[in-house]
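By written order: A, B, C and D. Residues from 1 in each chain.
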Amino acid sequence: MTDKLTNWTGADDAMVENAIRRGATRRELMQMLLAGGIAASAGGMILGRATSAVAATPVKGGSLRAAGWSSSTADTLDPAKASLSTDYVRCCAFYNRLTFLDKTGVPQMELAESIETRDAKVWTVKLRKGVTFHSGKTLSSADVVYSMNRHLDKATGSKVNSIAKQMTEIKAIDDLTVQITLASPNADLPTILAMHHFMIIADGTTDFSKANGTGAFICDTFEPGVRSVGKRNPNYFKAGGAHLDSFEFFGIPDDSARVNALLSGDIQLAAAINPRSMRLIDSQPGVVQFKTTAGNYTNLNMRLDMSPGDKAGFVEGVKHLINRELIQKSALRGLAEVANDQPVSPASIYHNKNLKPKAFDPDKAKALFQKAGLLGQSIPIVASDAANSSIDMAMILQQAGADIGMKFDVQRVPSDGYWSNYWLKAPMHFGNINPRPTPDILFSLLYASDAPWNESQFKSEKFDRMLIEARGLLDLAKRKEIYDDMQVMIADQAGTVIPAYLTNVDAVSSRLKGLEANPLGGMMGYAFAEYVWLEA
Amino acid sequence: MANLVEIRDLKVEATSDAGRVIEIIRGVSFDIAEGEIVALIGESGSGKTTIALTLMGYARNGCRISGGSVSLDGRDMVRLSERERAAIRGTEVSYVPQSAAAAFNPAQTIMDQVVEITRIHDLMPRADAEQRAVSLFKALNLPNPQSIGSRYPHQVSGGQLQRLSAAMALIADPKLVIFDEPTTALDVTTQIEVLRAFKSVMKKGGMSGVYVSHDLAVVAQIADRIIVLKGGEIQEVGATEQILTAPQHDYTRELLSAFTPKQHARPQAPTAAARKPPLLDVLDISAGYGPIQADGLPLMRALKSVSFRLEEGRNLGVIGESGCGKSTLARVIAGILPQVKGDVIFDGRQLARSAAHRQKEELRKLQMVFQFADTALNPSKSIGDILSRPLSFYHGMGRRQQESRVCELLDMVRLPRAVRHRRASELSGGQKQRVNLARALAAEPKLILCDEITSALDTVVAAAILDLLKELQRELGLSYMFISHDLSTVQAICDEVIVMYNGEKVEEMATGLEEGPGHPYSRLLFSSVPKLDTRWLDSLELDPELVSAFARR
Amino acid sequence: MNKHVLHLVLARLVIALITLVIVSFTVFAATVLLPGDVVEILLGQAATPEAVAGLRAAMHLDDPAIWRFLQWFAGIFTGDFGISYANNMPVADLIGPRLLNSLKLAGITTVFSVPIALTLGITAAMWRGSWFDRTVTVLSIGVVSVPEFMVATSAVLVFAVYLKWLPALSFANEIHSFGQMLRVYAMPVITLSFVISAQMIRMTRAAVIETLNTPYVEMALLKGASRSRLVLKHALPNAIGPIVNAVALSLSYLLGGVIIVETIFNYPGVAKLMVDAVSTRDLPLIQTCAMLFCIVYLFLITTADIIAIVSNPRLK
Amino acid sequence: MMRSATQFRAAGYSINIVGLIGFLLVFSWALVAILAPWIIPYPIGEIVDFDYFGPISDKFWLGTDYLGRDILSRILMGARYTVGISLIAVMISCTLGVALGMTAAVVGGWFDTILSRFLDALNSIPSKLFGLVVVAGIGSSIPVLIMTLAIIYTPGAYRFARALSVNINTMDFVTVARARGEGTFFLIRSEILPNILGPVLADLGLRFVFIVLLLSGLSFLGLGVQPPNADWGALVRENIGGLPFGAPAVIFPSIAIASLTIGVNLLIDNLPQKIRDRST
């Protein structure tokens, strides 16, 4: 029935729903819709639909126990240091960001009331009024300035230092206004600010043994590598606030243990179920599977500056030898979408649909290896449990190689220290990339000549130029055009094989309601805690 | 007198490791009257202990009673169920073990074990039991009877343990007491005390007894009747007096003759020997165990400045009781226990204190034979290997040479050549000791240190070993240093004797002069050796002062 | 007499201390040998050279490792175990509660498994060669030969998932009643008992059989003692030495070796802590954990030695 | 004890039926280990079945694993690693431990003390840390794996052997050899060793079990057995997900482990009398 409207999309529906969820008043919503150029009448109708969609009326109260897959003494409540899903979940529960991404990947305001720019270079951030930290302190621009500046300070050890670097100046205009100046224009700033690391902490915070945020839950207990418990924040700035009274989160690394805990009712959410365990939960009543293809992937990297990657034809050969269907079917149990060797996933509006995956063609591969003069040589591939199902993928490639007389020598290495010892270093190794909200971030992190994680040492001035150009453009359509071409370049020229985008499956108890997909990753972009509720 | 025990055609068979079944008791029958003490005499392997144990309806691991009947007070111990037997054991028939030291549980106090029988069968309240135990201690004239029960077995001497084990057996005044070589492990001076104690208690209680022993002289003092056993069969039964004076059976005679060995024929005039330089010269040796004290001497001193010399071709006897340091002396000379003070000069060369620093030649010329034949032989090697090692080690012989030499050695010690393929565990005590000797001979030594080599053996076997030693000496011109607690053995082979007491040399004399020893301890020692005379023990008068001064009770 | 025992005991303790020092240094050396340091690992994928350099400087990781080790070592004597590199919390605070948990688990397992193991071992020895004996020996091997994680997972499936009798996870911090304690600990304890019992059973059996062949046991038999009395009053007290030794060695597994159980039942103990510490190259934490394990290990074997000494009247 | 009818005799050595069963188990696995490459129905790396955790079928006798590979083939090949590696490792660790243990007992003094302390220390280092250091330091290969396992289990064997040797060392026949002037090596080789062989073998049995299990643990530290190959422990581990629905892929490897370890121990516990008698 949306046909009556002109340019109204499901995305907007979602936006409205989210707005409602965040406790926006009817007046605010009407304004929002009018801004979208929609007649009040139609607006009313949309609102009705939206509210009914949301109104699987949330239940207040109850305490939720959820388990992620990883947890260690390195767990932290410092958003800048957050590295594991576990950290993200906690940060989302205890802190807030200036913006956040809705399920379609469109940035929405959270602590920020508005973010405006004229040239995509200088940005003005207006903050919500009357937001208070758990400590009772009210949110002010100083907190934002402090939070942002931390990422620029080496001593912080921020994970997003390389992204934050483009913010050349962050200054408070007044109590509720912050001005962020970028080195070069970047239209994606609102999206960037939606990344988990850019959570807002109170000015001057240095002790992270407890979290002092503005979030929906107040940190009650935090034991690194053990668990965290949050109690509902009574004076949360969003109307209504969280539905749950308390929220406990911990990691159960052992896969079947996590599933069993869910089945036995000890927990209500088990994140990231291994494909191998699917059959178990399929058969179970009272368990709901919640799938998101957010675009994280495990990829095989061949450094173009090292043998064998530097031999012409080898990389292409491997791209043809890797049996994407088999990986998708066997290794990933169908919980994946076959990918085409580039990092922008179908979840993103910028995904290039016309770029088809390279066909599995052993004979062609054989010919290419012949040409590269590598046929019959034994070539080491470093794989590890650290990179999801990389070992299975490696074995599938190994087998395919064996059939055409190509020896791949799979070396399983400890997941312990994998990222610092093998990733980016070994000539042929696996990587594992988490979803990033924008192609710009992905490209500048992974494929630009000066990218910190240029996995295959792919270097191209053309590519770099296109990247800068697209970054500054405020015109969506034009950007997409450029990004499409860049995706093609990567697929054909880079030394990275991306066989499939992994689908993340969270198994949840059927009592748990309100969960949605989110481009930032599983568990509703790790932010589920404040939105879900437990039915009796 | 009615018979308390009637054994009829008793058969016991044993199963060897190899699985062969041999009959070790072949149809034995005899009676024991009320209040009578019967001795079972025989060499090891004669089945004396086995028979004694059947009286409790018990056969050791690997053995079983295969036939006949053992009726005790009318009940056949063979037919009874294990439970019924258990009820009789300790109450009606009880057992005094050969080595009390081993038969006491190291983890329990003596009293606990002495009164245990009364607990098991619960015969009387503990208090009464302890009362009774103490009175038994008195009767067995143990020192401080009140407190001794609270000690642990390792805290009292062997002689006392032996008597305590008797108390343990007598606590429930049984009808029959089995003594299994109860004094073999004891020193002569102690033995007398123990024997006396046993005898009086038994007579008072009017109990019957079975006294198992290989020592006729001991048996003579205590038994009414003697049963001579050999190879699981009875050779002769008779009243003690008759057995000693008028033995019927050849074997009995053999035993008797073995008991009184011929005196050692003195070799050529000592004067001639005196001119020769001594083969072994021991100068003022002190040695011991434990940490070295400020005065440069060890905590526990086993030897206190002992000196003596031994001329080539002559034999020296070292005699004394357990703990007098005689074995330590041998170990020092052999370099097993380095002395802290003094020198050993052998064959004109001063020996390094520890064997490790001595030269092969020195080691070769001086060999030692140990008391316990079985622990001295590696159980996992064949006799052949054991004997050929010194041959290759000292003389660097090749395989074939070794073969033939081993045979020669076995001939020398009168063992069948086939033995070389067997393991020690398959040999008898006497045979093992011969192997030990052969091993020493293999080195072609000048001097052999014999540490109590006969004391673990039966009289007959021991006598044979002594004869062997003498022959070897004649053939090979050896010298022996012969350590023993038994005067008669020393007399049988040595030219001179030194008497040791508590780490010191108290006397040195030529053998044959024992009648007039100077030192009082020597006198006590010599007079304590049992004689083949039923009246010896009763008639023996020992100076109580001497006894209290020296005898370790 | 007792002075002698005291001397032996003191000697043991001194030796234990020396070992302790050796260990802590060995572990330190081992950790330093590992490639990648805490900074690189904390930054993970974000470990760009300059980021690493910056953080290192900030965390004072530039001074030589040996120096940091010595500082830490000196700290011990003042009761200060240092600050965890990974999350800037005092090591003591990190370990404290988890150690308590581990000790609880170990304790309960001990209480549960040791008596059973000893009983089985002893009874097996009593009826040596019988079918009971044979079954016990074979089963004890069979049980250890099943991988730990297999036992644990099966237990969870049966008792938690299907029967719903027990929780699949052990929430150590939710025990308010004895009943709850049973529920929480049942499965981890069973799993661990499976693992550690075999050795105890075998050793106990061997030791008892050994002593059953001694003259004083025969003597007791000839006093008319029953089989059980022979074993319990005469054989056993003299077999204590080897038995406590076996028990000690088995128990030493219960602190560092229980990683699998901790992971599967999500039980916060020190084993997992140690593994984390190693993965994050968190030197102070590793050091302290290693120290801890070593102390416990030494404590166990030393106690075993001492018990053996004391239980032997010859040394009294 | 009378000989039971179930025993048979051969050339003086005899082994009872239980021991024979053990022997056959071990022997057949050893045989499999050797012949594996020729008898496996499918290449172990190949995904032969799109269904995963497949059931027993006449196509796949023991079903398929989590990737749809033939379990039978993987178990047969796994025998190579499990049997081979574990046996060699246990041999090395026991040889090393026993040799050191005996030397310590014979030499005694500071040598004994230092060695004992050092091995105690080694024993209290967590094997994961140790494993990691090895991978990092020396890299990963089968020989390295074997040595690691061996080293991890040497201290135990040492403690055990030393205790036994100390007893033997006090026996007269050792003293005799000393007095003869024999060197340490001879004392160890021909006086002590033969007399502790029995118990040492029994100990070796249990140690073997632990090594088999630790093996799978280490392979997950990236030490040793590399994909697509896998030892039995690793097979159980990677297929543990199939346990809830009793997938053959997880049951059979477990059975394989159990049968091997039990076999080894049955064999050792029932070794011919003559060998066991050497134990004192």
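Please note the rule applied: contacts are C-beta pairs under 8 Å (C-beta built on N, C-alpha and C of every residue); 3 or more make two chains touch, one makes a residue touch a chain.
Everything numeric in this text was worked out from a predicted model, so none of it was measured.
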Per-chain CA centroid nearest to the all-protein CA mean: C
Comparison of C-D and A-D (more C-beta pairs in contact): C-D
Centroid spacing, where centroids are CA-atom means, of chain B and chain D in whole angstrom: 47
Separation of mean Cα positions, chain D and chain C [Å, integer]: 22
Intercentroid distance (Cα basis), chain C paired with chain A, Å: 41
Chain D residues counted as touching two or more neighbouring chains: 1, 132, 136, 240, 243-244
Contacts with two or more other chains, residues of chain B listed in rising order: 61
Contacts with 2+ other chains: residues of chain A: 256, 260, 416-417, 421
In the complex, chain C residues that touch chain D: 15, 18-19, 22-23, 26-27, 30-31, 33-35, 129, 134, 137-138, 141-142, 144-150, 153-154, 157, 161, 198-199, 202, 206, 249, 252, 256, 259, 274-275, 278, 286, 290, 293-294, 297-298, 301
List of chain C residues in touch with chain A within their complex: 34-36, 39-48, 50-51, 53-55, 57-58, 84, 86-89, 94, 97-98, 149, 153, 156-157, 160-161, 164, 167-169, 263-266, 268, 272-273, 276-282, 285
Touching residues (chain side chain B, partner chain C) in the complex: 53, 56, 58, 60-61, 85-91, 94-95, 97, 99, 102-108, 116-117, 120-121, 152, 154, 168
List of chain D residues in touch with chain B within their complex: 1-3, 9, 12, 14, 171-173, 175-176, 178-182, 190-191, 194-195, 197, 273, 277-278, 280
Chain D residues within the chain A interface of the complex: 43, 45-47, 50, 52-53, 66-68, 132, 135-136, 140, 219-222, 226-228, 240-245
